[in-house]
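The same chain A turns up in both complexes below, where it pairs with chain B and then with chain C.
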Partner chain A sequence: MRVALVGNQNSGKTTLFNLLTGSNQKVGNWPGVTIERKVGMIRSTNVELIDLPGIYSLSPYSIEEEISRKFLFEEKIDLILNIIDSTSMERSLYLTTQLLELGIPVVIALNMSDIADKRGIKIDLKTLEERLDTTILSISAAKKTNVFNLIQTIKQGEYRKNNYHHIYDHDLEDGIRSLISIIDSKHPRFLAIKLIEQDPVFIKYQTDETLHTIQTLSKEYLRDMEQVIADERYRYIEYVRDEAVTAKKDQMTWTDRLDNIFLNRILAIPIFIVIMFTVYYLAAGPFGGATVDFVDRYVSLFSNWAEDALLSVGASPWSTSLVVDGMIAGVGAIMNFLPQLVILFLLISFLETTGYMARIAFFLDRIFQKVGLSGKSLIPFIIGSGCSVPAILSARTINDETEKKMTIMLTPFIPCSAKLPIITLFAGYFFKDNSGLASASLYFMAIAVILISAYVMKKVLFKGKTSTFILELPEYKLPSMKFILLDVWDKVVSFVKRAGSVILLASIAIWLLISFSWTFEYGVNPDQSILASLGNVFAWLFYPMIGEWSWGATVSAIQGLVAKEQVVASMAIIAGYSDTTSDGLLIFGSTAFSFFTAPAAYAFMVFNLFSAPCFGAIGAMRQELGTTKRMWGAVLFQTGIAWVLAVMVFNIGRLIEVVL
Partner chain B sequence: MKLGAKKLKAGDHAKLSNLKKGQKAKVVLLNTSDKSLRRRLMDMGITEGVQIKIKKIAPLGDPIDIELRGYELCIRKIDLSTIDVEVIS
Partner chain C sequence: MSLADIVILVAVVGIVSLIIFQMVKKKDEGMCTNCSYSKSCTDDCTPKSR
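So, the complex of A and B:
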């Protein structure tokens, strides 16, 4: 048995899906978290449940809505589980009236019943069931109320089989019937209505005969038929509402009170800046920096112990070196940053679930509108502070093609969590007391670069119409600790997995390249190694931004393509092979990297932040932009901007140094 | 809406974008020329005769959060200006 889970955006579909199937899909408190359909089995049954992206209607505007509609119209489904937000019944029932027309049985789950109760919304289930002729259960996915009954109802097939009766007036109903008699479809009523609406997607089903019937019908109304049908649906919903729903009017909710502060004309933007600053200050500032030193002590202890252990069992010098100077040095350098990333993940996950994200989109829309983006682009940007890959995928919720492409190309500019090790390493060493400020400044610089690039792109590349922006502000919610912890855990696991796979392999490769010369002689001076000669080929590119011919910095920055944190791993390995000039941090105390000055450090951070993202994100860009040519365009555009910015920052920084 | 403009009174006909925070109006006509936007607005419940309240205005003056059919929706001013309304209060 196949059941499709359908509902409006942010109605709690994914929360219910996780509950019914026992899986752990990403949930969030903003519209459009689910962008692809997901499949799972309902616990202890053989019922397959398909979680579709949230939709308001079956007339598609963006890709995720198209996915849902195509699926419902073309695939074989035994039951539709329609999830409804009890606090906005009218708008939700609009979708329900369309689902019922498919002729597939529909079971309605009235979600968020607890919130509706609190707000004094009373729903007469019996009357509603009779009017819609479907089975309706009142549940709360967040509080897990009545979910067991829902499973039983589905499992035992104890639901009404949807003998749907008409909701339109006589003329329209007659028109629909005569169309049904001349078309051939699994969902005749649904198709007939789409034909009357002249929906462009269903134009291939039009025949001379259907067009004739529709023309006759239109003459009765002298109005646009699409509008007539929407009006009729809402007229019917109002009638059902009057019979089955009672609500208190004009209440001041908690969300309204909070919005008076967070959306306040004067306070909104300062509050936003303080929040974002706090996130970066905590993660990349002195507090996060202290955790790095803490872990580093244990990594060094482990490294020394491993070296002694290997030598005492008689391991050869080269194999000891591979483990200690290659694997432990590289992977260890990354693991140092784990506590810090946990802080960042916690804070972002918290912001995602509170409902504040949609507010950011709401009040920044004005600024984004000016440069050809909408507040909706902001959601990918904020997800991008975790990882660019899901962020690029989430750009699908943007309806306008141009705006979507621009968002995809600009998202990698946001400092993702893998770039955090680079920021902390440099900012912590070169801007000691102001490391928090230096890290946060990079974040705001990213926003400035995004706005300016978008403006230029709009003027030069994509001249076109402005897009629209329609968004629903979700209720503020106290985040569920369980969901936050699960989300953070998922991200931590994937970070550790990457350290144990990609970073480990890359570290071994770097060890090989630095240990051998072109004549395959082991243990050469690093300057004679294969790695050095490779770095020397590209070192001229980096000279203008760091003021030094450095093969070490060059090869490390290029490895950012594998994974951004690999830049740090590679620097740690190379530093291990150089002489120590001073005490303190291993990396900047080594002859390989002691040349770094504050301006060079800032410039190098800027380059690594803005240049081409890792292969994972490049792949995501390729997939979402559609062509390899566009992907190359994006990569060259990003790297070009990064280089120009880094060189500028370095030279301005040097000037400031001279003046001071 | 420009500063100093006269506040609309009950019974006035206006564009939805010209109302002030807290004002209510009834939709008279959707003048939206972009068909897919118009369809979207209708799907979201903005049909003729529906009552709309201006609930929140973004700190920079645009977009605007309106309340209708028991829920709230943010729309840009430029798109609201395609909706003709009759002021209720």
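So, the complex of A and C:
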């Protein structure tokens, strides 16, 4: 048995999906979390549940609606589980009436019933069931109320089979009936209505006979038939609402009160700046920095123990070095930053689930529109703070091709979690007590670069109008600790997996290249190694931004293409091969990287932040941009911007140093 | 080359092979919009029937 889970955006679909299937799909308190296909089995049943993207109607106004409609119309579905937000039932019923027209049995889950109760919204379930001729269950997915009954209803097949109620006036119903009698489809009523609406996707089903019926109808109404159907639908929904719902009026909710502060015309942006600054200050500032030293101590202890143990069992210096200076040094350098990433993941996840992220999209929409992006671009940017790959994929929900391309090209500018080790390493060492400020400044610099780049791109490359963005502001919610912890756990697992796979491989490769010369002689001076000669080929590119001919910094930055964390891992391996000249962090105490000054450090961070993302993200750009040529365009654009900015930052910083 | 070296070398080669195998084995799960909710997708981006 196949069940499709359908509902408005932010109605709690993904929460219910996770609850029913026991999976752990991403939940967020902003619209459009469901992007990729999600399928699972309802617990202890053989029922397949498909979580469709959040939609408001089955009209093709967005990609999500196109996907859902196509799926429901073409695939074999036994039941539609329509989840409705009890606090905004009237809006949800528009979609429900369309779903009922498909002729597939529909079970309605009235979600957030607890919140509706608190607000004094009373829903007469019996009347609603009668009017829609559908089985309706009042649930709270977040509090797991009545979900067991929902599962039983689906499992036992104890639901109404929907004898469709007429919702249009007599003339329209007659027209629909006559069309149903002449068309051949699994969903005749739905198709008949789409034909009357002149929906372009269904034009292929139009025949001379259907056209004649529709023209007769059009002559009677003398209006756009799509509008006529929408008006009739709304009329019916108002009738159902009046019969089944009673609500207290003009109640000031907590969400209204909080929005008065967070969406205040004057306060909104300063509050946003303070919140994001706090997030980065806590994660990358002195507090997060202290956790790095803590883990570093244990990694060093493990490294020393491994070295002693290997030498004591008779391992040669080269094999000991491969394990200690290559594998442990590379992976350990990344693992040092895990506690900081946990702090960042926790804070971002908290902001997402409270509903604040949707507010950011709302008030940034106006600014975004001015530069040619829409508020919808903000969703990939938010996801991008975790990883650029899903962020780039999520841009596919943007309808306008120009905005989509711009968003894909600009999303990698957001500091993803893999860039955090680079930022923390440099900011922590060179900016000490101001490390939080230095880290946060990069985040705001990223936003500024995105806005300026978008403005220039819109003026030069992609001329045209900016599309409008309809965003539903969700209720503020106290986040569920379980969801936050699961979300953070997922990200931590993915980070550790990367450290144990891509980073480990790259670290071994770097060890090989730095340990051997071109004549395969082991233990050569690092300056005579294969790695040094490769780095020297490109070092001229980095000279203007760090003020030093450094093959070490060059090869480390280039390895950001494998994974951004690898920049730090590579620096740790190269530093391990150089003479340690001072205490403190091994990397900047080594001769290989002791030349770094504060301006060079900041410029190097800027380059790594804005240059082309890792291969994974480049692959995602290739997939979403459609052609390899466009992908190369994006890579060159990003790296070009990064280089220019880094050189500017370095020279301005040096100038300030001289003046001070 | 000592026995310990050989053991280390075999272990490292094994780990590297395993990682590469896992990376190669992992299928490309990316799908075009057209196929987003289909079981599988053809090369010309049309949903394969179930």
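Brief remarks on what is shown
Operating definition for what follows: the second predicted complex is superposed on the first by the 660 of 660 C-alpha atoms of A that agree within 3 Å, B and C clash if a C-alpha of one lies under 4 Å from a C-alpha of the other, contacts with A are read in each partner's own complex, and residues count from 1 in each chain.
Keep in mind that, in the parts below, a contact is a pair of C-beta atoms (placed from the backbone, for glycine too) under 8 Å apart; a residue touches a chain by one contact, two chains touch by 3 or more.
What you see is a predicted model, and the numbers here were worked out from it, not measured in a lab.
By the touch criterion defined above, A:393 lies against chain C but remains apart from chain B after alignment on the C-alpha atoms of chain A. Of the two partner chains, chain B is the only one touched by A:226; chain C is not. By the document's definition of touching, neither partner reaches A:275: not chain B, not chain C.
Of the two partner chains placed around the shared chain by superposition, chain C is the only one that A:620 touches, whereas chain B remains out of contact. Judged by the touch definition given at the top, the superposed model places A:541 against neither chain B nor chain C.
In the superposition on chain A, A:52 makes contact with chain C only, while chain B stays out of contact range. Of the two partner chains placed by superposition, only chain B is touched by A:263; chain C is not. In the complex of the two chains, the chain C residues touching chain A come out as 1-5, 8-9, 12, 15-16, 19-20, 22-23, 30-31, 33, 36-37, 47, 50.
Listing the residues of chain A that touch chain C in their complex gives 36-37, 50, 52, 63, 66-68, 70-71, 74-76, 310, 313-316, 318-319, 322-323, 327, 393, 396, 500-502, 504-505, 508, 620, 623. Listed in rising order, the residues of chain B touching chain A in the complex are 30, 34, 36-45, 47-48, 50, 56-63, 65, 69-76, 78-79. Contact residues on chain A toward chain B in their complex (touch as defined above): 56-57, 59, 61, 87-91, 94, 226-227, 230-231, 234, 247, 259, 263-266, 268-269, 362-363, 365-367, 369, 375, 466, 468-473.
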